[in-house]
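Two complexes follow with subunit A in common, the first pairing it with subunit B and the second with subunit C.
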Partner chain A sequence: MARTTHDVLSVEWVRLELLRTAYSTRGGLFSRMDPRVVLAWYLLMALAPWFTHSTGVLALLFALGAVSVALARVGPLVLGLFLIGLLGNVVGLFAASFLFGGDLGTLVALAELNLKLGAVSMASMAAFVSLDPEKLSDALLWFRAPELLAFGVSYGYRMLPILVDEYVTVFEGQRLRHAPVERPGLLGWRVILQWCTLAVTAFYPIMLNTAKNVRTTVEALETRGFTYAAANPVGRRLRLASLRTAGLDWVVLVVSVVAVLAAYRLGALLPL
Partner chain B sequence: MTALPPTLAVPAPAAPSADAAPPAIVVKDLSFRYPGTDRDALRNVDLTIERGDFVAVVGGNGSAKTTLCKTFNGLVPHYWNGDFAGVVHVDGVDTWDSSVAELSSRVGYVYQDFQNQLVRPTVREEVAFGPLNFGHADHRERTEEALAALGIAHLADRFVWQLSGGQAHLVALAAVLALRPEVIVVDEPVAELDPARAREIYLRLRELNTRHGITVVTIEHHAEFVADFARSVVLMADGAPVWHLPVQEAMDRHGDLRAHGIPAPDAVALTAAVGAERVALDVPSAVTVLREHLRPAAERSGPSAPVPGPAPEPAPAEVVASLRGVSHGYRGVDGSLSTVLDDLSLELRAGERVALVGTNGAGKSTLMRLLTGLIVPRAGTVAVDGIDTRTRSASLLADHVSYLDQHPQRMFLKDTVREDVALFPRGRKVPDAEAIVDRILTEVGLTELAGRDGRTLSGGQQRRSTLGIGLAMRPRLLLLDEPTSSLDIRSRDDVTAMLAALAETVRCAVVATHDMDLVAAWATRVIVLDQGRVLADAAPQALFARREITGRARLTPPQAARIALELGLDPLPLTATALREHLRTVGPDPTQEH
Partner chain C sequence: MSTQVPPRPAEDERRGALRGTIDGIRRTELSTSQKLMIFVLSMSLFGLSNIILEIIPDPSIGPVDVSVSYMVFVPLTVAALFSPFWAALGAPLGEIVFTDLLMGDFSGLAEVEGFLQMFLAVFIAGSLVRNPRSRVQIAIASVVLVLVDKVLSAVVDLSKVWIGVEDAELVEGLPQSMLALETIGLGVDVIMSGVLLGAIPAMWLIPALHGKIEPLMGMRPRVPGEPIPGAAPRTPLFVGGALLLSVASFGFAFLEAFDISAGAFEPDFIDRFGSGFLLVAVAAIAVVLTVAVLLFRLSRRAAETAGS
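This part shows the complex of A and B:
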């Protein structure tokens, strides 16, 4: 079979999708908002489904989640993983219950849990896809999260692309230098097993390399006043001074509150 | 080449206006020992650095250059606690009574591995990080000012992982500058950058020094940069300065420098060879001096200087790899397709030593990855050993071609060097794999260190380990990405010599590099890539003689070649040793003594 360059579903594509998601390069409604309001909005949407057992209300909240995902322009990788997870769950549970003598009724009974999880997951996707590292870190700082957590989040994002690159290099080295399996076996299980082994062992050099590299980082943090800032709150105040809410923030928040209340009201009337 | 004023005209250390000001840094009777060691790293150091000076700290590996510079911003003794005796005054402040935080606004420090110094996702945030932490209300002005001073305002909204090495270094520098320090310490800018990029950093440092009056201290192995940019030189050996002299006097003592593992730049070595009273520090002044000592052309073609005649046209050797009409590109984060290689056709033949040169993004790495079969082109065909890379997986192609990554530590998959070298032959059940591994470890001079983890070795040893890994794959085609980057001169010469010895084992070797000294010393064929196309394909001698090509591809030929070009020599000598043949010299060639 001739090899070609794939633009989707390749390692390179996964890498790009991770970056697009982490750095919210697709734009979307929530990425234009104040990060604190986005977090508040997220709290609202993530908590709302837990106060009801009505399938109708949950269906509406699920629909609300779907709308937010569309507004936030969530990318195909994250969305795909979500769908696989959700559908896999539904199909799996249904198959299990069918084997033990259940029928379509079981599916309805399971709908409540799946709708709930789906609504919460979609709100999470919409919110975190829209927050770039800097915004998320500032918002966490504003909500009085520990300094180290806020910094860690932003540093993690900064390291992500570099670690992904390094992982790809190491993994390619693994593939080139380990002998390919001689007989693939049934459904190529030996190939899959080798692939998985190499994918896991590729983490070992990266961890050692990173441990070595961060020595400079720790020293540099010292010279750039990181520990100084922990003891002196002036820096925090300056950093957060740039956070501003605008009309859009309040409109989105109010509309969301109204929509959630409406879902509770109308959902009960739905014949589900 | 940049138009620099002849260095002879550069004022002596410490600009006259600074005479009245107190020195920037005074070190008195300083000794320091790292915890857990039984030897002093620094021993009785006495050193004064004047305000407004541009100091180069030079010295061999382990001469404690970095430790000395870490005393300036208080990392020693406040971060690295150890036995500390003596006094360091920075700007009149005793560092013992101060703190790293306080001293950091006086002394900025840019690390050798500056990439690890960047901690924020975007450039603007990175530069503002220090001022924000220290609670400077004018952090915005400081950020803009630092970015503007280094000419990188256009990068402000980039993510740090999008930056090239040179840009990342400037960002690290800007982040330090935003604290408005009076002294900036830069640890080996050339180590992780190619020479052209490093020169840009030095030009910026010179501007900060002359225009903004900032005292600059650099740790440097490459004497060429020292001669070109420094005002004074500190030679360190064994934890103490041997001397601290104005740059002209320092270069006049090139014998001392060489004795401490710092070979003199070609301009210095050549003008010294013709017996000049004061050695020349840069190309223009060297040319002025050397022109008077040129031998007449007739005298040169004697037996001592054999001029290679036009080689008889040999029968073309067997093709090891070929590319036909190859185009390739990558998707960006925004989904657009950027073209990296554009309708490229090449043939690599047995016995060739190919250097692949060009600016970052010219397509060197992509070309190499195509040859390994890790990726296949969007259009055209790549064949290695007659095998179309589309028809075989990369792991099967690894029997024919091996690729050595630019970062040696990414190639250490096992916990000892020996295991790493043995991985490929053992896995492929090569008969007498162990004997091969033993032989290769001897060849790369690592038998003693074979039991160590590659990560714990020095830069030069790491490169040699990766060479060993590559050789153990016994490829027909060996690809090396930047094999001499981040090496000091001595390890670089080691690696270059080892590459030259490869010829017997490998049919064809391709090196992607920015290092023109390596190109001059090793390559038989240079392929210049520019915007995805072949700009030139020639022997090094022919290439370096063509200014329009070197200018366009931003290549800086070795200093000896630049001098020879100015002198109008033809054929062009590429190394100082070759150029000496054209000169009336006094005394033997000192570089040949070792």
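This part shows the complex of A and C:
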């Protein structure tokens, strides 16, 4: 599915972008795969960078991560946050060690660590952007993760947009009922202080609302036998019956394994 | 626990340690659905607060981040008013599900240590609040929460750089600068997260919600001096100890792997790959399995108490 508008960086855009991420409406390779295979693929890609100190191997694994991010069609918000975090980390640590008498050698040493962390987080972006809540929680259940975890995942993804909406409504309502500050003060600190106070006080009604919502949800769940159904083998089998692996899953997994092994072999030969 | 609300106690009136059933009808034990409610409440509220912080830009002075890392008062409120154990189980999961998975910030095994740190921090801090109306206890608890979490994560961070960078001590200035950064970061975090967005809001919010939010969830407000609801005396200690051990073993696993692969830097690829790979993999799997089994046991126990 194509997405056209991302012209303004606003809270609303961030919210919509989160929703797109949560429900993986962008398509992409991994969203067509079986969730269990995607999790296995993720484990492979996330563990692989930790077993080497060779910069060449890490650079190849980083490139592999970049390819999978492109294949998964990760959105601009998530990608932007990742890039800012990675660059900020490099620049910050370099500046600090420069103060303590380091030189360009420090930057090289840091490149190794950041390539490692970057490769791991790109794999996680590719995998989790492509899984919608239902698939992810089914896959977790299949791997015998605790039921609370699987439940938390599917509940969290569903409730997040509602909660954020509710919070924004309360916050805007409070802001409307407050007079703007008379003088902004140095660097507008009074404005910032008022915003922070409002952001915190908005939690009072939000907590009461959420408590009510949670009670309704849990009572509805327990009426349907949530706690017992999750532990019952028949119920579990019924829920997981829809999971199927197809040819595509195995092709992707095998190609990734081969690519990681090739990265280990070729990376050692690279003059880095 | 019934939905009946007892008359509000006068400020700080202690009723002594009540055990077992209260006046023959109400119980201090939580039922399964009440545990689930506390868990879900803590998860969604902490997740929401993390999303809000994610939208706010992070200011930083040079390499030191002066932003707020999380809103401490949110999990502390749930822990102090309901049950520390179930709030502590829910809060880090909310962080993982809402922010890390959604924002693509999910770091795999590193999330396990994040979960353990946050769990321990919220549980310890929540258990410190014996009286939800005492502002002193609340202030202490919120600072303790940040301290426990940040000291643990600083230790893990330092060891990570040690392991991630092959010859950290040979790179001039790196260890010192990391240590300095972590120390400054800890101080900033205690002030920003622990006091400004921790103690101050919590001191207002927890007494304000006490007695108002519990009836909405079908529970009776906590009375000062009562045993903490939902905290079986032996199990949390045991679990806490086990979790601490697993954090430690996590660090050790990587340390050992570092020693071995640093020692053998020949082009003999299979050898290096074999030893390092197996050791780390086995250790990591063991830690994850232990944690998984523990969590599984806990959810089992929750189911059992419901059955009885």
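Quick notes on this structure:
The definition used in the following text is that the second predicted complex is superposed on the first by the 251 of 272 C-alpha atoms of A that agree within 3 Å, B and C clash if a C-alpha of one lies under 4 Å from a C-alpha of the other, contacts with A are read in each partner's own complex, and residues count from 1 in each chain.
Operating definition for what follows: a residue touches a chain if its C-beta (ideal position, glycine included) is under 8 Å from a C-beta of that chain, and two chains touch if they have at least 3 such contacts.
Keep in mind it's a predicted model, so treat the numbers as computed, not measured.
When both complexes are overlaid on chain A, the residue A:Gly235 reaches subunit B alone and has no touch with subunit C.
In the superposition on chain A, contact of A:Ala95 is made with subunit C only, not with subunit B. Of the two partner chains placed by superposition, only subunit C is touched by A:Leu163; subunit B is not.
When the shared chain is aligned, subunit B and subunit C each come close enough to touch A:Thr227. Between subunit B and subunit C, the partner in contact with more residues of subunit A is C.
In the superposition on chain A, A:Arg175 contacts subunit B only, with no contact to subunit C. Residue contacts after overlaying the shared chain place A:Leu86 against neither subunit B nor subunit C. In the superposition on chain A, A:Val214 makes contact with both subunit B and subunit C. Look at A:Tyr155: by the touch rule set out above, it reaches both subunit B and subunit C. Residues 155, 157, 204, 208, 212, 214-215, 217, 219, 221-222, 226-228 of subunit A touch subunit B in one complex and subunit C in the other. Contact residues on subunit C toward subunit A in their complex (touch as defined above): 32-33, 36-37, 39-41, 43-45, 47-49, 51-52, 55, 60, 62-63, 71, 73-74, 77, 89-90, 93-94, 97-98, 101-109, 161, 164-168, 171-174, 176-178, 180-181, 197, 201, 205, 208-209, 212-213, 216-218, 254, 257, 261-262, 267, 269, 273, 276-277, 280-281, 284, 292, 295-296, 298-299, 302-303, 306. Residue ranges of subunit B in contact with subunit A, taken from their complex: 73, 75, 79, 100-101, 104, 108-109, 111, 113, 116-122, 125, 129-130, 132-137, 139, 159-161, 175, 179, 328, 330-334, 372, 374-378, 389-391, 393-396, 398, 402-403, 405, 407, 409-413, 423-424, 427-429, 453, 455, 469, 473.
Per the touch definition, subunit A reaches subunit C in the complex via residues 11, 14, 18, 21-22, 42-43, 46-47, 50-53, 74, 77-79, 81-82, 85, 88, 91-93, 95-103, 105-106, 109-110, 112-113, 116-117, 120-121, 124-125, 128-129, 136, 144-149, 152-153, 155-157, 159-160, 163-164, 167, 196, 199-200, 203-204, 206-208, 210-212, 214-215, 217-219, 221-222, 226-228, 231, 264-265, 268. Contact residues of subunit A toward subunit B in the complex are 2-5, 7, 12-13, 16, 19-20, 23, 25, 132-134, 151, 154-155, 157-158, 161-162, 166, 169-170, 172-180, 201-202, 204-205, 208-209, 212-217, 219-229, 232, 234-235, 237-239.
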